[in-house]
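All chains are identified by letter, namely A, B and C, in their written order; residue positions are counted from 1 within each chain.
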Amino acid sequence: MAKYQNLIEELAPRKFSRLGVVWTIALIVITMIGAAAYIDQVIKGQVVTNMRDYVLWGVYISNFVFFVAISFVGSLTAAVLRLTNSSWRTPLVRIAEIIAFAAITMAGITIILDMGRPDRLYNLFIHARLQSPITWDVIIITTYLVISALILYIPLLPDLALLKKHYQDKPKLSRIYAWFAINWNGSPAQKALQSKSIQMVAILIIPVALILQTVDAWLFSTTYRIGWDSTNFGPYFIAGAFVVGIGGLIAVTYVLRKVYSLENFITDMHFDRLGKILVFACLIYLYFNINEYLLPAFTAPKAEQAHLEEMFTGHYAPLFWFVTIGGLIVPIIVLLFKKGRKPVPMFIIAVLVVVTSWWKRYIIVVPALLHPFLPIQGVPESWHSYFPSLHEWAIVSGTLAMALLIITILVRYVPIIPIQRTMEEQGLTEANENDKKS
Amino acid sequence: MKANLKARFAALILFGFCSLIFIPQVNAQDEKAKPRLSVEYHKTTGEPASIFVKGKFKGEDGYEPTVNLDVNIYKVITEDSLAFLGTVTTNAKGEANYTLPEEQNDTALEHYYVVKVEDNDKFKDADSDLMFMDASLTAEIIEEDSIKYVVAQLLDADGNPIEGQSLKVKVRRLFAPLTIGESSYDTDEDGSIMVEIEDPIPSKSGVLTFEVVLESDDYGIVKAVFDAPIGVVIADLDTFDKRTMWSPPGKTPLFLFVFANIIILGIWIVIVLLIRNIIKIKKS
Amino acid sequence: MKEDDKDLPQENSSRRNFLRLGLLAGGAAAVTGLSMSALAKEDDAPTGEKVKVLTTDGKLVEVDSAHLKESPGCGKHAHSGKQIREGIPNRKFAMVVDLSRCKNALKCQDSCNKNHYITGDNAWLKVYNMQEEKDTAPYWMPMMCQHCDEPACVTVCPVDATFKRKDGIVLIDNERCIGCRFCMAACPYGTRVFNWSEPKQEFEMAVEDVKANYTPEHAGMPSQMGTVDKCDFCPHMIDMGEMPHCVSACPNDVFLFGDIYEDTVTNGSGQSFRLSKLLEDKAGYRLLEELGTKPSVYYLPPVNRTDAYEDGLENYDEFKSVHKPE
């Protein structure tokens, strides 16, 4: 009984410490600043950004692509690891599902921030053209949002029921858990339904996630632009999502582990395994990068040549090499060593991967727009280059803060490590305990 | 009574004052500009003959049309006497048309007219003379040995053929007529021309409107206009009614429509089942 | 009129006369400027309200306001939604740009900017200073929306805001555009512009009237913040039997415009040519043909130039295509 109760104590969501409160407040403040900047943008128009007719998509879009990419972790870990039934994944899946849910929610919000006329959002539904890749994007993001919510919720049911009981001394909280737990009583019928549903959603989320990443890539590769018009883009984006998804998972896992002292549940072994997966992901992504950047240099038609030169030696070279070396080469090298796969270096590498992944999307979106087919003429000199304005930084930071805020709130009320599952694995079910007693 | 007079006097003073302010401002330029008037005699099949006046003046940026300018039309009876016919006002392009009434009595060979700008606030006085002789121009399409020709004949007021006049053969198009064949053809001793239509002329309706035009100092601008159903009909080149990737939502390509909906429905049926399962769990 | 009503009626009547005359002249000028030949509300009983209008042959007449009929192409919802989307029947418009005649006079750009009330920093019609390689000949190339037959911009629009008509013209419905700028990303010619801020347009008419009468057939009346704009091939002019502003404004007859079904294009001076013959004789081509967009604008190569390329450098400003009053 003691062990059973202890487990629940350890894994049940706890109130925030001082640090947690400060963290949350900071996120709220950043989000509010972003919201204020957005309101200013709606009033004055997007002239408050540094986007103009040539760089017509900027950080809003690259940030959006980043969120879509990182949401891939939901299908990766949650689905793949759930389906392979490996028990080591248990502590990680919920974190992955939470990150995925937060990311896809923010992707949906972020894209609206880029619209010139957000007041006409409904046009996307009543006048939708199926021929447009944006329509495909709207459909698939909505779909993925629902599925990632389901894959978070359905396996959560037993834990919600447990927490309902656990917080009996806090009636309000207990009632909320009870409402979400929808009469879960652990009966064989319910368990069967749940198990089947998890199978269904885990299988479903994989093709949906792949379609999501592909459609996102097709927003670019369905145009004629040099740097975007690539047959490589679909799988390239999938591989990129793989990398940033795992990177994000590692980073968040490390922080939560530290803050909630979950070292017993998330061990060095977990980091080691995640490290191996990340190396694998980076190698795949490196392969696609070679196809995307190195190969065109072989024939290099004039327009391609100009674009590649910008990346390798030109204006965007520092950013390009930072992203490629910092985001791919360094992680691969460090993580090939066992010492590199210890939690602390893993965390550093993971943060590096996430940051470089964010800038990677910037490098994909912006430089191509500065190489149109016809020369850039007849516009002010400032239109020949781009760097985000203060409004754009404020709004982007607001979206990133809001993503972290969603994760924080979910972590506050949802057990990070699936309690029921862990108990089953440790043979600590209520039934067993009662048996032991008797 | 006295009050009324006072009021009228005040009004007059005010009127005079306002004129002093307004009139100089109306004449923004210190001097009135000298309009240059060009006059032509226009006669087109099926329309009454008219005198066409076009005015322009030298403005700041070069020649500009005289807009809204009153021009008086006079017929010259004898060397000294003019008969006032009417006034026309030029439009935004500086052009005006005065429709000539049907003349039954005038058997003179040459007709003389004068157009004048007189007593105009904005422009100096100007005039321009017009002399023309009446001519009739007829034209039609004939076909010989499966070749189509435009034939036209130019006759003077007495019905005699006019030789050596330069005629242009055109087909009316959307914005300006297209010349057929050479830039012009001279009439022979019968006053006629015959122009081969070498390339088939396309038209959506199949009906072409031809004009044969004489531009002459003596006869004015005389046009013979007629329709002929010899246009080659071109099939539609647009994709408006087809299902294409650039069509409106109602004309989505079928492949895309079917394929996309199968995928979407397939996924959402599973989602619905999942939600059903959740409800089942709740109920059990 | 009472004896006591002394001053006011007389004074006011003379002033009223002046105002009336002034308004009349102004009104007549405005009416001329808008080229309304007659306006109407159909089948209405005479209202007794007289309006002075200018007829097409320059006469100033007075008509009852009930007898005014709307002229197509200008004024309130002249065409139905279906007509706006489908276009002028039995026509397919094409433009020819003769590069051998262009010397960067920029009258085309000025006329387009003026008549579409363009107030941004990017003109819809730009004359490019082109030179493919340092060893090839430089030339001036006016470029505007190509009104492609397979338009990439229309294909990617998610809300059907930009559309391809049967008469070949591609238009934008600024009431529906959501400002996603995907069309701008997709256009390989880079010919679309965006209204990043509130366009500060100054119309001769009241802004509310302009807004109430908005039609995609006269782009820029008004422009809307957060939406896309581009060359519209001036359907508002075609409806009046006139050619697009750039064609008429060019002093060097660089532009020709016409109907493919008539196989005829006409230049600003009013000379018509057989389109197919012109393209064959002068080796006409289209821009970025290899992309398969099938543009409606043909270019005649800059051979046997009428003027030297250097003549155009005087007008060239690399960083400005819209000249605003200081």
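What we mean here is this: contacts are C-beta pairs under 8 Å (C-beta built on N, C-alpha and C of every residue); 3 or more make two chains touch, one makes a residue touch a chain.
This one's a predicted model, so the numbers in the text were calculated from it and none came from an experiment.
Taken as a graph of touching chains, this assembly is complete, with every chain in contact with every other.
Across the two candidate interfaces, A-C and A-B, the one carrying more C-beta contacts is A-C. The central chain of the assembly on a C-alpha centroid basis is C. Once the centre of each chain is set as its mean CA position, chain B and chain C turn out to be 19 Å apart.
Here the spacing of chain A and chain C, counted between their Cα centres, is 47 Å.
Note: centroid distance chain A to chain B, computed from Cα atoms, is 65 Å.
Of all residues in chain C, those that touch two or more other chains are 155, 160.
Touching two or more other chains at once are residues 127-129, 131 of chain A.
Within chain B, the positions touching two or more other chains are listed as 245-249.
Residue ranges of chain A in contact with chain C, taken from their complex: 44-47, 49, 51-54, 56-57, 114-118, 120-121, 123-124, 127-129, 131-135, 138, 219, 222-225, 369, 372-375, 377-381, 383.
On the chain C side of its complex with chain A, the touching residues are 121-123, 126, 128-130, 143, 152, 155-161, 176-182, 184-186, 188-190, 192-198, 224-228, 288, 291, 317-321.
Touching chain B in their complex are the following residues of chain A: 127-131, 136, 139, 143, 146-147, 150, 153-154, 157, 182-184, 187, 189-190, 193-194, 196-197, 200-201, 204, 207-208, 211.
The touching residues of chain B, counted against chain A in their complex, run 245-249, 252-253, 256-257, 260, 263-264, 267-268, 270-271, 273-275, 277-278, 280-284. Of all residues in chain C, those touching chain B in their complex are 3, 6-7, 10-11, 13-15, 18, 22, 28-29, 32-33, 35, 54, 56-60, 85-86, 90-92, 149-151, 154-155, 160, 163-168, 241-243, 257-264, 266, 270-274, 277.
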